[in-house]
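Once you scroll down, you'll see the structures, which are given as structure tokens.
Both complexes shown next keep chain A, but they swap its partner, so chain B is in the first and chain C is in the second.
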Partner chain A sequence: MLESIMHWWEKKQYRIAPYLFISPFYILFAIFMVYPICFGIYLSLHEWSGIGEMAYVGLENYLNLFKDGDFYLAFSNTLWYMGASLIVNLVFSLILAVLLNSALVKCKKLFRTIYFIPIVTSVVAAAIVFTLFYDRDYGLFNLLFVAMGGKPLDWLGDTSLSKFAVIGLIAWRWVGFNMVYFLAGLQSIPKSLYEAALVDGANSLQCFLKITIPLLRPVILFVMVTTLIGSIQIFDEPYVLTGGGPADSSMSVVIYLFRTGMEYLNLGYAAAIGFVLFGMTFVLSWIQLNLMGAFERKE
Partner chain B sequence: MSRKFSVSQILLYLLLVAGAVFMVLPLFWCVSSSFKVSGEIFDYPPTLFPKQPTLDNYRELFSKFPYERWYLNSVLVTALLTVLSVFFCSLAGFAFAKYRFALQKPLFALVLAALIVPFQVILIPLYVITIKLGWMNTYYALIVPFMASPFGIFLMCQFMVGSVPNEVMESARIDGCSEFKIFSKFALPLSRPALGAFAIYQFVFSWNSFLWPLIVLNETGKYTLPVGLQSLFGIFYLKEFGVLMAGSALAIIPVVILFVLMQEHFVSGLTVGAVKE
Partner chain C sequence: MKRTLLLILVALMIMVVVGSSGAGAQEEVTISMWTHDNLYVEFFTRRGEEWAALHPEYKMNFKFTQIPYDQLWPKILTTLAAGTGVPDLIGIEISAFSRFMKGDIAEQALVDLTPLIGEEKEKFLRWEPYMHNGKIYGVESALCPVVFYYRKTAFDEVGVSTPMETWEEFTQAGSKLKEKDRYIAAIESSGDTPHHFLALYYQQDGAIFNSKGELMAEDDPRAIQALQFLQEGVREGILWPTSSYFDAPHFAALKEGRVVGNYMADWWSVYYQKPQLPEQAGEWRIQLLPAWEEGGRRSSTAGGTGFAITKYSKNPELVFDFLHYTYMTKENQIKRFLELQYFPTMIEAITDPQITEFSDPYYGDQKVGKVFSEAALQIPVQWQSPYWSEAIQILYKEAITPVVADKKTPEQGLKDAISKIRALMK
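Up next is the complex of A and B:
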């Protein structure tokens, strides 16, 4: 009996093995990904404080978002973060990568390592150090500012500056990380293209605009989309630096979601905010896929 | 001609070094300040190195707060999550890369679709599920929901398609190896670069994770490092910055050292799939 089972198993295991291999993953995936998404949709159609009965409200949570001034503020702050971190990450990362890729520079690996360090630091720890830098009276940034002839600024306490303070921390953590992608992209461009262009009398600016940028387009697109999707989800940096303040001036959508769910105990409404984030991410990913496709067809 | 060459070279280095200083300065400042006596942090102009180096901040950190407990929590959660998710994702990734089975394509497409779902979408439902399971203030809440990583299975599958030759699998089968043995004896060792890359990715993700632990941990003794640091920050803000710096330095420095030692894996893993010509 046992022998025949063993024999059957040996013959069949090639067919059964893949199902056994994927089942732990998919069981976890179903419980902690698929089910929460479905439950989230259900929650977002209800009003619920976590205890007692859920009250079905249809699309009211979503409709209320349009009338919610706090959500509007959080949403526009998040769009601001997306734009600012896009500019900072594209410009500074690309500049650093181009400089580092220069044939004149030795010890490239050392620089690459140093630029990459911030991304492996804990955001909370880094933000605590940055609050010290941003301090109005003792901070290092104001020291530099005053030395250059400016006035000391209250980076974390001024409603018009708090978002810049958040972007400063984000730039510090992410510029080196994105630079690594640009550097990898630059290194894959054949040197012969530049040599040919130089023979034809092109200057370095022309080389950059006509060779580097077009050939880097897939990498630029990748960095753009990952930066935008990442900044839709901004939470840690403003939460630790300013708590979303002053006067909600640095509050992101995720901070608002966190407050709605954890402090105001409005779980249905918070779930609906989650799906707005999903919508934004979905649109960006869709654009990425389409642009990627367009590139591939061209080449 | 050669003079102009060296001028641009000096300029290049100046810019690159300025960038490097900006990247390292916060870490240096954090470590340096952690050894300053209370009050010196707010000296104006600030001092680069502590005038009278002291360990008081570290003493206060460990005597008044369960800092070592937070550290242990972070280390255990990070280690368990990394090992378990690497195992589950590589096992499933191997099946997708090297077998043909029913529903293979739709199942993989489902995982790919999950790649674009931001974690915040499931934040609230997962919080409710965690309460229902009685997992508040437990390691389970920090580990189990993140073991099935869509990014992990995607990375492993991509890599294993090319790195595990079909001939090796066939000859192993003729030698009487079970399918699981083929995975553990051949596929895993052959995929070491991708395993390393994903392990480091999960490590950094878990070590720095903040929003989710902030929600599911509300007992001081159960905190992970980022949540503990945040609670210290609430207590000491604008008062005892030295203690905060000591806590931050101990949270940052070991990971930075680990990264510098293993950076080749990390960087090469990141660019898998991203920079395809």
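Up next is the complex of A and C:
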């Protein structure tokens, strides 16, 4: 018996060994990715509160989602976050990057480091500081507003302002990070192109629109897609800043998922939200990549 | 040679047997507990040492852990689902208990304490929040009677005589304080648990859910009255609405003297007031809640934590003995108040002179124990429901936040909230 196994191994080991060498990745991938995803699909077809029996409900969880006002609210808030953070992250990051890349700015490395600091800062700590900045009565922002003759605003307590407060924190956190990508992109554009354009009489705006933007396209695409995916899954910033409130006005889809799963213990429903979220992310990224021509075949 | 080996072996075996039977007099037991509140860790640790001394037959190991509130429930749920790593004792904060009522998790995961408590039940107030299907799953850690905390110096300054008897007097006092740019109380306009609404509603014997879990508050004039009180208070500039009630902005307002009062439970004092406002020691007092009408109830309730034993505990009876020693003896109920200022639930302790005669220098040597004791004896009953977490979110969203912001009438707010809660319960 043992001998026959040994014999078999002798014969096949050259074919099997490579698979064994790469197997750790696949085993871990199966345990931590494939299994949870399959279990998630299974869970989304059931009603379950964490322990005990699961009750099969078919597609009911998904159907209920389309009738759920809270889900629509979370969904529209998330789309709002997505749009706003795309604008903020593209525009401000690019402007910052162009400024830092220009010959006028000294101490580039210092600025680059400063702008990068938010991303290595704990978002919870930052959010606590921002909560104080945003405060209606004692906040720094309102202090400045009032000094400029404005009226104090209840950033975190007013349902129409809470999303702006969240976007402020998002901008602080991510603009510097994305700027680094743009900066890298800008530095890879050959100077000779600009020199040639200047010789041909182009002004700096024309240079920016005709040289910088087209050549930055891959970077813009990358920043757009990562921002899009990041903002669809936004959780930390609104959760620590407003907890989704007031009156759910800043609740994102992931906050709703967390609440449904961990507070209300409707784990099946939460799993269904998760898959709808995945669908959203997939479709939106695909559309975006398509619009940007990422799938075009280069002749 | 073989014989010597054998002899050594036998000798060794004898030593092991004798040794273990010697240690057998002291069986090793580990009791673990998870809570969100570090004061409980301290209190349980001190009582644990005393209790262990009463049981020399065991070698006790205590593992009491504080886990941040938001992380505690996912952690408990995961360990319950996995069936390993579950602690013996869990401190279940009152609004989190409803999660255990979902899908009868309580029944599957927690020990039914009803037979263990037995007739002693009558000696204590407040089992209701931790009951499900008629069974008790938790021992309350603090009665949480609500009183009115006020900065007496500010009230004296405008010539308001304290204590105030009715909410009407409260409103009048608020108007006088307003002239000095002071607010009589802060209220939370959005957050996790609408304590300020619920306390006023419970005070009038109101209930969101009854003992059978049925929704009660529909078109309830008492709920409307409570909402109206908040709305008008904010509109008139008497109540200070904030979304950061337990955070720095509110403490800043208190420090500045912009807010000079609060109706809150016993834990407000030890958890927030004293640590945040040490410089105002001596200026504050407490009084019973003003009544809605003369002779009406002067008390309400906000918060609480029930200690439950999990079914995964290896020694549930021993753990209950420990819980009983710590939380269900008169002596330690009194100690809990003297050490932590969490008010007793045991009627005998509530009326004990050590409590009623207790005076606190922070409150100008007022006999605060007596005020709490009076509030405790008329504390309203509070029932939970598996839908509690959802219900309080909806109450905030549909009723309290918009009503306080003057965007809805109290009637409309309540109607919207109740219809949403009802839809959810179907």
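Annotations for the structure displayed:
Please note the rule applied: the second predicted complex is superposed on the first by the 263 of 299 C-alpha atoms of A that agree within 3 Å, B and C clash if a C-alpha of one lies under 4 Å from a C-alpha of the other, contacts with A are read in each partner's own complex, and residues count from 1 in each chain.
Rule of thumb we're sticking to: contacts are C-beta pairs under 8 Å (C-beta built on N, C-alpha and C of every residue); 3 or more make two chains touch, one makes a residue touch a chain.
Only a predicted model underlies this, so the values are computations on that prediction, with no experimental measurement involved.
For the composite obtained by overlaying on chain A, chain B and chain C cannot both be accommodated without a clash.
Legend: residue contacts after superposition of the two complexes on their common chain; A:M262 is shown touching both chain B and chain C. Residue contacts after overlaying the shared chain place A:F39 against chain B, while chain C stays out of touching range.
When the two structures are aligned on the shared chain, A:L100 is found in touch with chain B, with no touch to chain C. In the superposition on chain A, contact is made by A:D137 with both chain B and chain C.
In the superposition on chain A, contact is made by A:V219 with chain B only, not with chain C. Once the two complexes are laid over each other on the shared chain, residue contacts for A:G50 go to chain B and to chain C alike.
Of the two partners chain B and chain C, more residues of chain A are touched by B.
Once chain A of one complex is fitted onto chain A of the other, the partner contacts of A:F66 are absent, as it touches neither chain B nor chain C. When both complexes are aligned on chain A by C-alpha atoms, chain A residues 50, 131-132, 137-138, 262 touch chain B in the first and chain C in the second.
Considering their complex, residues 13-15, 17-19, 21-22, 24-26, 28-29, 32-37, 39-40, 43, 50, 96, 99-100, 102, 104-105, 111-126, 128-133, 137-138, 140, 143, 172, 176, 180-181, 184-185, 188, 218-219, 222, 229, 232-233, 235-236, 239-240, 254, 257-258, 261-262, 267, 270-271, 274-275, 277-278, 281-282, 285 of chain A touch chain B. Residue ranges on chain A touching chain C, taken from their complex, read 48-52, 131-132, 135-139, 154, 156-159, 242-243, 245-248, 259, 262-265.
Taken together, the chain B residues at the contact with chain A in this complex read 5, 8-9, 12-13, 15-16, 19-20, 22-27, 29-30, 33, 41-46, 88-89, 91-92, 94-96, 99, 101, 104, 107, 110-111, 114, 116-129, 131, 144-148, 150, 153, 173, 178-180, 183, 204, 207-208, 210-211, 215, 225-227, 229-230, 233, 237, 241, 244-245, 247-249, 251-252, 255-256, 258-260, 263, 266-267, 270-271, 274-277. If you check the complex, the residues on chain C that touch chain A are 73-74, 77, 80-81, 99, 102-105, 108-109, 189-192, 241-244, 247-249, 252-253, 258, 389-390, 393, 396-398, 401-402, 405.
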